[in-house]
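Two complexes come next, and they have one chain in common, subunit A, joined by subunit B in the first and subunit C in the second.
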Partner chain A sequence: MNATGWLNWRSLNQEGIVFAIAVVLFIAAAIGLPGFINSNNLVAIVRSVSVLGILALGMAVVIIGRGIDLSAVAIMAMSVAWYLQLLSSGMSDGLAFAYVLAGVLAIGLLNGILVAYAEVPAIFVTLATASFVFGYVRSQLITQDAVPVPPGHWVELLGGLRFLDIPVEVFVFAGLAFAFFLFLRYTKWGRYVYFAGDNPVAARNIGIPVRPMLVLRYVLSALVSLIAGLLTAASLHSINTRIVNSTLLYDIVLVAVIGGIGLSGGRGGVRNVLVGAALIGILLNAMTIIDIPLLYQNLIKAAILLAAIIVDGFINPRDEQTAQQGDI
Partner chain B sequence: MSFRERLQSWRYNLVPDHLVGEILSKRWTDNAIPFLALVATLSVFGSIIPGFFKPMSLQESTRQLGEFSLVVTGMTVVMLGGGIDLSVGSIFALSCFSAVFVFFILEQSVWLALAASIATGLLFGAINGYLIGYFRLRAFLTTLVTFIFGRALFDILVTTYAADVQLSDATSDVLDFIGDDTFWGLSVAVWAAIILAIITHVALTRSRPGWHVQAVGGSRRSAHNAGIRVRRTVFMTYVFSGFCASLGGFLIACRLSGAGPGTGLNLEVMALTAAVVGGVSLGGGRGSVIKGLMGAIIVLTMTNGLIRLGYGTGTNQMVLGIMLAVAVTIDIRWLKNRHKVLDEVYVAPVYLKMGATQSAAPGSGTPYELDNRLSEADHIGLGELEGPEDVILDRDDHLYCGTRHGEIVRFFAPDYKHSEVFAHIGGFPLGLAFDKTGNLISCVGAMGLYSVSPEREVKRLSAETSRSWTSIVDDARLRDPNDCDIAPDGRIYFTDSTKRYDAHDWALDSIENRATGRLLVYDPKDASTKTLLDGYRYTNGVCMAHDGKSLFFAESWACRVHRYWLEGPKAGTAECVIRDMPGYPDNINRASDGNYWMAWLGMRTPSFDLSLRHPDMRKRMTRRLPQDEWLFPNINTGGVVKFNEKGGIVEAMGDLSGAAHPMVTSMREHKGYLFVGGILNNRIGRYRIAGADPNWTSPASYWGAKP
Partner chain C sequence: MKIIRTFMAAAAALAVSAFVAPSFAAEDPGPGAYSQALKGKRVMLVPMAMGFDLAQGWAHYLKTEVEAWGGVFETRDPNWVVDAGAQAITDAISSDTRPDVLIIHSPDLNSYAKLMKKAQAAGTYVLLVDNPANFPADAFVGSDWDRLGQLEAEAAIKGCGPNSSKKIGLVQGDQANSSSLYQYAGIMKVLDKNPDFKVVAKPDSNWDATTSRNVTTTMLQQNPDICAIIDFWDGDATGASAAIRDAKLEGKVFLVTTGGGEKTADCDKLQDGTYGAVVMTDLARQSGDMNAVIKFLLQSGQPAGTSHTYIYTLEKATTKADLKPDSCWDLKALQAQAAAK
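And now, the complex of A and B:
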């Protein structure tokens, strides 16, 4: 049970440190920055990290199983862009959604099968599929970079939905987080994620269906990306495919890694995602309030991610015994 | 012969199945796939894009290719060392900016701009190398982060200084020359790429640092255990990659006279795809600069070709994604399954109908009839020896034999109770012979022909013969030197049993039954080795006839003995003197009564003879059954056969108990005794021959009485 992050002092430590930093940052921003501590801004913070957090949940499950999914952002943007394009070309909503869902499942399956059965490193598979998904959808299926949501469509209504003045994506994030928590902690397949991530060979030897479970994780990640994409389109009333070339993907990895999910797999959980998302949310919000230009924000985020990876390298050193040749 | 058999013999003896396995076992097949892809790409795009091969068009695209190849060369070196460098695009862009900044804004010389570029690349590479080499971080994520970092920095710098660069009026002939002109018909970028590729190739294949890189990529732990400074080597690969990317960046700065937001964009995915498509392996150890360059040409031709064909935004990414996924998958699967495929297809049996034979069963009344005489032999070195394939005695009656540990062991006369390691050669010493001056000549399985002087000095005489033009497998190398004998003029005649299998895979050779055995001669006068005869089914024992004018050699899997003439009207030709024996012949040696001893390593069985007429069945057998369930020659019974000069069988003896000498690979007569060895035996037998000359010795028979 150590691998859950509850009893593992190492993860707890990093998680604790990050949580403490987040609290300190929060207090400092509350004191130093005018307009930080008001309910609108707080809601804005939570809202801004919701999509990021949802994507990070999918990424977390993949990383815990000793993988990585670099195609998450491409799937998120391109699937929704294709959906909206289909809608604007007059296709019925149900059929369009079925098409997109099938496409997303196919890419998730492709990722999973190449990683699990062809034994290609996850990094390369997902890098290639990301490039392919973006290129294919952009060149063959849609006509321009940004695709707007048709007026009056349920995606647009979703964006305006509020409960207790809190936007709906926050509830979706919370619900998904809880669902992932239940999945990882209390279901058999969820436990398999940890076993396979900790030691895939041993997991296979004790009879866990390691390969089908790997496929499942990539499909899960792809579906989560679709949900995140729909929420993005809902709040912005359009989807801009240029987001694929932005640093959003690295923000997702940042959230997962900085929250304490080791890249070598088998450690971490939903709490780590929440803590990581909190820190990044506060940080981004504070930088926006201080009015740091976007380019400099990228620089700062990259520096933080680098620091996080270095710390991760020290806390979860690579195990020469189970690390395989070519594991890069 | 039935119709079915005739078909089988045509199918399996005329279709060269074995070539498939031989081609697959070649290392250049690794290059063949990317090379074919290269040819296909160039021909497809060359034919559908008008003017693709026009000099002007080539000039412009090769300039870009030069810059790109530089980056790919750096990426190749990093990948060979077991890493990956995704920050090349950022380094490229930042180096480009450094050059632009120094030249246009500081208005310094081009050379200073070059120095600034290279310094930027080295610094960035050193950061990568330090984090990955010394901190042992994951290469992919670390360079991904330094890539974002570098890109963010570059974007900031470009937006800050774009206007200043536009307004600058710095010009230089050198810059224009590097950017626009050609030297001997090729642009500076192409020259730079060619020179760097040659230097890198030579360094990788022929220098210590290059070998270290390949060793670390091949197996990091082994390299560490071998004393290679793994961390420093990894560090250096990233520094080199930074250097290469910075050269590319400088060249594009000269070509475009500026830096824009698009500089180096997507370069890392392109370079990675190029290296992988070219066949540089992920995870290191396999690949070359040439492969990287082939990949570079393929990728650049594809992406540029698609742009020129007018496909829209995103097509490039789509094609790159497909190429990367396919190439990586092929690479991984090929690496993992290559030896399996090879195992599947390498064994390519042929059809052979063995002639009917006489029985060797006790009481059958044939000349081959085996008895139980060898079971009466004394034993020498019982339990101490492993695999005395051949035995020989010197003029002082000491007994020598090879062992499977690669040693030649000497037993001391008169009682042969004490022994010592006479010499250590390695390999598996098989056939033995003494030359005129008392040097012990040995055919060492898997190594070659060796000589051990009485002072125990080991010398290699020959390990290769001339290469035949039509053979795909390298038949210059001696794969399974088996037995040797020495002519009166000092020339050493020896056999190389098979070209297709190593010595320990003799069972596979018997199953395949392809005729690739050779008879060779080594001439000590000029140390040359020549192939005399080729195309026998496992040439084995060799023995000089008593008059020294011809020699006998055994063809094991065909159960035949041939005579090869050294002199006389039939010189240089061979004729079959014994055919269709019931046993598989091994070594042949002289007997005191003017006849010859021949060892049988095993006996023919009706079942295996039948299987030789069913090559398809043997092929299936080697593919589907574990090795210990294969049907192959029965080696649980053997014997010793005496034959005369004409090939007539004089007598045969065996060990029907199977306890002492079930298989016999060699026997040597000495002073009335027969010394018997077996390659799988744990002893040497000594059998008293009734009525033999008690003074006859082999050295005296060959080289005369003691001087």
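And now, the complex of A and C:
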């Protein structure tokens, strides 16, 4: 968005288009659907995309640095499943959490080191670690797909936390979004993420520690996944590792990409994630109120994504200047 | 003809000699024939995944029985991936140790039909468990999902009571799995007979608890006076219950679901009021039915694909009021038992 704002349609980028679609949908739903504009429903919309949005924040930082983290959902589900399993086997809370935190950090480090130092493409590294994390935890560390939260445990109490009747996930999402915004916009290392994503070689030549920062981003993404997993378990009082097989991972990438974060890196920010999450949240909520079957919901979701990409292609055609090496 | 005559003569001679010979102990011919037909036979279970209560329960009861009669019991874990299941079945059929009985928990009506036909052609008896499929298996053992849906709807109507809003919400599974489709049909049959009860919404959870929570939240938002919700599986009904809890409608919305009757999944949640009623499958009996069919087929001598039997498990809706100590089976206890061996 530039200073002239929405009036100049030529300046519309994908973020603007998606934002416009979200606003149109919102207005249409507010007029056409009874109960949509109700404050509780609006809270429910934000809540329904909170965990998705939190995961998308982690993914966004990785994508901006010209990478991708396909292990996010596996880390989210398996770390928390392991944690709950350790608790139910009688381990003390502190020790169990220390183990899990160490595990999550180790996987984040492994992802980062393989991408940064072994120079294996991120898509393969994280795909492999996702399978490894899922397979190892599922076969060696837990006994069942669904692991319940022990009654009275802090994770269960966390799920019941409300401020002004707003569930805790919403605040965590807002807090993390703000923290990521500050990090990307105002810290030196945050700015470096863009430089490294836009042109890694040049970034390295001017003395930016490109490789250690790559590692940092994957560790950050892994930690964010752990938070998202804890929030999921808090709300449902259990975690089901079957979520690793779901479309959640694609939804995370969808939220980031549909909001306008280019997969080629170097572009986008927290605002794009918020716009993408808003569109998905409004869309899913409206379709559930209308009672559209899941098959059609997926179709509609995909059609809107395609439409946004096509319109973006027309308005911002690719040329030698905008196209980059490494563009997926 | 000649062979038969010789055979009959031999049998007569044998019978006479049996009478004549001084018998110290009466020898029952049953166990010998039984053992000869069954010993060393291979039974393989391919569920949708090994990681959930039903599959782990089946595996436990089947393994105990199969190994007791000298058979080999194996499982494969497709981990909810349809392709992986297909691969497991294909490998099993073509391997040197082709199973004599294949027990398949089909993810939908059609996916494995061709493979099951191939298995039968190779001489393997095919049992379908829990989920029906468009295939004439040697036997189907599991729930009559239509009947199960009817029981759920009856429980929901009872839970609502005559003076309620009479609004019912459904959280379906998906639009491909037979258990979801037939369950829905059963529910609608009962509701057609009770026209004052209305289904106000029927979203899908895709068997995912978070999705179930989100759609239930929206459903309750739109219809706060819903008196009952039927969630199609206890695996995702934790999401629907979270939504009810969050909306502070505990005790006002009667949640009905169905499951394998595992203690922490079903009975504990009936006890603490999370679920109003659960239509539980008697897993031990269902596994017993499978064991009986396996033993019958292996002794029958009939080629695979000859008979098509439906053995529906007796289902009933259990509420907190009729909860008994033995209403559920305990997965943890089974695992501890297995670990102790």
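Note that in this section the second predicted complex is superposed on the first by the 283 of 328 C-alpha atoms of A that agree within 3 Å, B and C clash if a C-alpha of one lies under 4 Å from a C-alpha of the other, contacts with A are read in each partner's own complex, and residues count from 1 in each chain.
By our rule, a residue touches a chain if its C-beta (ideal position, glycine included) is under 8 Å from a C-beta of that chain, and two chains touch if they have at least 3 such contacts.
All values reported here derive from a predicted model rather than from experimental measurement.
Using the contact criterion defined above for the overlaid structures, shared-chain residue A:P167 touches subunit C, although it does not reach subunit B.
When the two structures are aligned on the shared chain, A:H237 is found in touch with subunit C, with no touch to subunit B. After overlaying the two complexes on the shared chain, residue contacts for A:P121 are found with subunit B alone; subunit C is out of touch. When the two complexes are overlaid on their common chain A, residue A:A196 makes contact with neither subunit B nor subunit C. In the superposed model, A:V253 makes contact with subunit B only, not with subunit C. Shared-chain residue A:V137: touches subunit B; no touch with subunit C.
Once the two complexes are laid over each other on the shared chain, residue contacts for A:A56 go to neither subunit B nor subunit C.
Of the two partner chains placed by the overlay, neither subunit B nor subunit C lies in contact with A:I75. Judged by the touch definition given at the top, the superposed model places A:L295 against both subunit B and subunit C. Comparing the two complexes, residues 138, 145, 295 of subunit A contact subunit B in one case and subunit C in the other.
On the side of subunit C, the complex with subunit A involves touching residues 49, 51-53, 56, 79-81, 174-175, 201-204, 206-210, 213-215, 217-219, 221-222, 235-236, 238-239, 242, 245-246, 264-265, 331, 335. Residues of subunit B that touch subunit A in their complex: 82-84, 131, 135-142, 144-146, 148-149, 151-153, 155-156, 159, 219-221, 269, 272, 276, 281-284, 311-322, 324-325, 328-329, 332-333, 336. Those residues of subunit A whose C-beta lies close enough to touch subunit C in the complex are 34-35, 38, 40-41, 44, 47-48, 51, 138, 143-146, 148, 159-160, 167, 232, 235-238, 240-243, 245-246, 284-285, 288-289, 291, 293-295.
Listed in rising order, the residues of subunit A touching subunit B in the complex are 114, 118-121, 123-125, 127-140, 145, 247, 250, 253, 263, 295-296, 298-299, 301-303, 305-306, 309-310, 313, 317-318, 320, 325-328.
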